[in-house]
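Residue numbering begins at 1 within each chain, and the chains themselves are lettered A, B and C in the order written.
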Amino acid sequence: MKFVICLAGIFVFMIVGNPFAVAGDLDRFEGVKGTLRIAGGTAHIPIMKEAAKRIMAANPDIKITIAGGGSGVGIKQVGEGLIDIGNSGRKATDDEVKRYGLKMFKFAIDGIAVVVNPENPVVKMKKSELIDIFSGKINNWKALGFKDRGINVYTRDASSGTRKVFWKKVLNKGDITKSANFVKSHGAMKSAINVDPYGIGYISVGYLDDTVASVSLDGTSPTLENVLKGDYKIARGLYINTKGEPAGLARLFIDYIMSKEGQKIVEDKGYIAVRK
Amino acid sequence: MNRFVEYQIKLFCWISGIVLISAIGIILAFLFHKGISSLNFSLIFGETRPLDGLLLRNEVFDGLFPAIVGTLLLIFTSIFWAIPIGVASGIYLAEYCNIKWKPLFNLMLDVLAGIPSILVGLFGFAVSVFLHKHLSEHIYPCFLISSLALACLVLPYIIRTTEQSLVNLPFFVKTTGLALGASRLQNILFILIPYNLSRIISGIILAIGRCAEDTAVIMLTGVVAMAGIPNSLLSQYEALPFYIFYISSDYNSQEELMNGFGACIILLSICVFLLTLSHILKRKAAIRFATHT
Amino acid sequence: MKSSIEKLAEKGFLFSALLSASITILILSFMVFFSFPLFKGGDIAAFFTLEWNPYEGRFGIIPMMVGTGIIASLALLIATPFGIGCSAFISVFSTGNFGKLLRKVVEFMTGIPTVIYGFVAIFLLVPFVREIFEKGTGMCVLSASIMLALLILPTIVLFISDAFNSVPKNYLDAADSLGATPVQKLIYVIIPSAWKGIISGLVLAAGRAVGDTLISLMIAGNALQIPRGLEAAARTLTAHIALIIASDYESPEFKSIFVCGLILFFFTTLIVLVLRLLGHFEVLRQR
């Protein structure tokens, strides 16, 4: 008898439980209508795009718009009420949280990698060397064993969360040279380094691929495993911010990102999921 | 003058002509060489079936379709705002305005015509922030704001062509209607404007071209990287020129970059088509003008 | 009845004209409104300093002003000789089809979207410039100036060749009867009598060069320095507005872009006034 019940239980689980757990993550959007405006950190864009695509394909009544702009935008614009969900690659400061009444949801962990052109053989550096490069003290690749050419430093603008984290954790809040070139997003950083043999910059680990070469810092290379183990220290959380407690579509969207399927997207795009 | 110097001057003129033509030639050749292979249905419709996309049955995700539709909608809406105001202002300046006020109007319009488009965008953005704070929480930088800002940008074009086409009419055309007992308004609406309609339309088409190509204004007023086809005036949207700008720095793969080249070719085709249309109409107007005087 | 419609229509026309003209004033007042707190607080001097570093509370926009000035004047410097050369070719030496072709090409150029110039430049001109200098990224003052020169050439050529064409025919006939060659006609007759047109074309082109956003945003590198060479990266006022627009509305950074806006606005007004001094009352030209 016990056996039969057990079997029946397994049977029920297989028919009912299992499909719910896997395919049901999008069901929450059933019958919902509306528009969701997302903007902010550019490391988040691949995740947001994929999630939006799936949601909109499942429910055409929902419209999700995605813009970049950087973490600063994600925090400020959501605070001003210009968007529903603001992404940031850094924690909002206490002042920002207080001023806007922000709620933060950490949904992924990301590392920041220093990158150079694939032609560049200098893929190992010390932190102190990096500080000198970004401050402009070392300005020729020859000093590091590459060609006798100037180093082109690329950096992000002030609204970038990546820049803030990089500046704090790698440069120890040191200066960035004034001749640094400014780019507006991770994608832009990657494509700039890809076409510039003498460039150096920093991007999210999720964006790494063979178009750029990542630089190992003090012997640790910026891989997901190293970030996960805690060996690679330049990591940060990716946050979704809302003004006050999220409601309606924003709530559903955050739930979806936190769901199994949502976290699977996070992993597929090269970041570390916060929920396994 | 020295023969040699003369020769040199002539040579320089030849060289500048050749340099200019070859520069444009190289740009176009590069664009088509890179982009022609990406021109196919999947560039526009992504993975969605073209017919489903066109009929709006399925949302298009990885294609240019939403951007193309966004640009076209933007053009129509902006022109929809700009034409009535522009033509009416043109009529006023040509037929009604007294001589004392005209210089002031002209100054204002000339400054407006010369203002960098990014300033018009900044203006649109500032207005939407202002309205958001003081009028309604539901106003953001959006399609409506973009189209209004673009309308401001192209207004001077429409006003000027309307005004010029009315002012430059031959005397007998201006007076025949009046002599037959038509009122001033009737004369304008039924004789003067139809008489030179193609010239006014060519001005409008030039304005459309400006709307199609402008990036700086929309960049500040609500265009985003991904939005689908806008479903209301208050939603954000995608547009071709912004897509090109975005891809130029944000491409993630060679494939995406090639799509950027494809988008360039599409945008260029739209703009060149409009330009040619405007030239044809202008020439038609000129011929008509010549035969009547 | 009829007259009331007439009156209504006239009111409508007047209203439209007032509306159009007021847009200019409205733009100005919004710029002033948003940057006003700075003027009042006496902080305005802080903007006209050499360093932009929001982390340390420095908001100097002089590097951007200098960047704009250098890039625009270099573009004008490149474009002017070519522009005059092409115009002379079209209006004076064009005996064959080549002159007509050139005019067609120039007209065609007015239809090319700016963003396409920028896009092509990133993949064609920038790598080339980088290899020439053997230093820097190629995203620099020179690249931006070259593309900008190409962008403003149609304005210059169309304007100047029109000015050349409107030289009174009896002047040319007189020169012809004295046995002048085409080059002599150009140097001694056409250019002296069309100089106002030439200057106007250049002034107008200067306005376009300063006002353009996309080229400098895409290929000038946007660095926060006063460029010290052709291969150095720089940021223009227009690109600065586009880059900073997304920051905190209460911050001095955000307000500073309205100061940039005001500068650009006054520059435009200046251009319009100069053109009027030169006798051109119709500033508008198809791009």
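Just a few scattered comments:
Operating definition for what follows: a residue touches a chain if its C-beta (ideal position, glycine included) is under 8 Å from a C-beta of that chain, and two chains touch if they have at least 3 such contacts.
None of these values were measured; they are calculated from a predicted model.
Taken pairwise by the contact criterion, the protein chains are fully connected, each one touching every other.
This structure's chain pair with the greatest number of C-beta contacts is B-C. With centres taken as mean Cα positions, subunit C sits 18 Å from subunit B.
Our note on geometry: subunit A versus subunit C, Cα centroid distance of 39 Å, whole angstroms. With centres taken as mean Cα positions, subunit B sits 37 Å from subunit A.
Within subunit A, contacts with two or more other chains are made by residues 80, 183-184, 192.
With touch defined as above, residues shared between interfaces to two or more other chains in subunit C number as follows: 123, 249. Those residues of subunit B in touch with two or more other chains are numbered 129, 249.
Within the complex formed with subunit C, the residues of subunit A that make contact are 69-70, 72-73, 76-77, 80, 149-150, 152, 154, 157-159, 178-184, 192, 195-196, 198-199.
Chain contact summary for the complex, subunit B toward subunit A: residues 58-59, 61, 129, 132, 137, 140-141, 224-228, 231, 235-236, 249-252, 257.
Across the complex, subunit C is touched by residues 1, 6, 9-10, 12-17, 19-21, 23-24, 26-27, 30-31, 34, 84-86, 88-89, 91-93, 95-97, 104-120, 122-123, 125-127, 129-130, 152, 155-157, 159-160, 183-185, 206, 209-210, 212-213, 215-216, 219-220, 241, 244-245, 247-249, 260-261, 264, 267-268, 271-272, 274-275, 279 of subunit B.
Of all the residues in subunit C, the ones that touch subunit A in their complex are 54-55, 123, 126-127, 130, 134-139, 221-225, 232-233, 235, 243-244, 246-249, 253. By the touch criterion given at the top, residues 2, 5-6, 9-10, 12-17, 19-27, 30-31, 33-34, 81-86, 88-90, 92-93, 98-99, 101-102, 105-120, 122-124, 150, 153, 157, 181-184, 186-187, 207, 210-214, 218, 238, 241-242, 245, 249, 257-258, 261, 264-265, 268-269, 271-272, 275, 281-284, 286-287 of subunit C touch subunit B in their complex.
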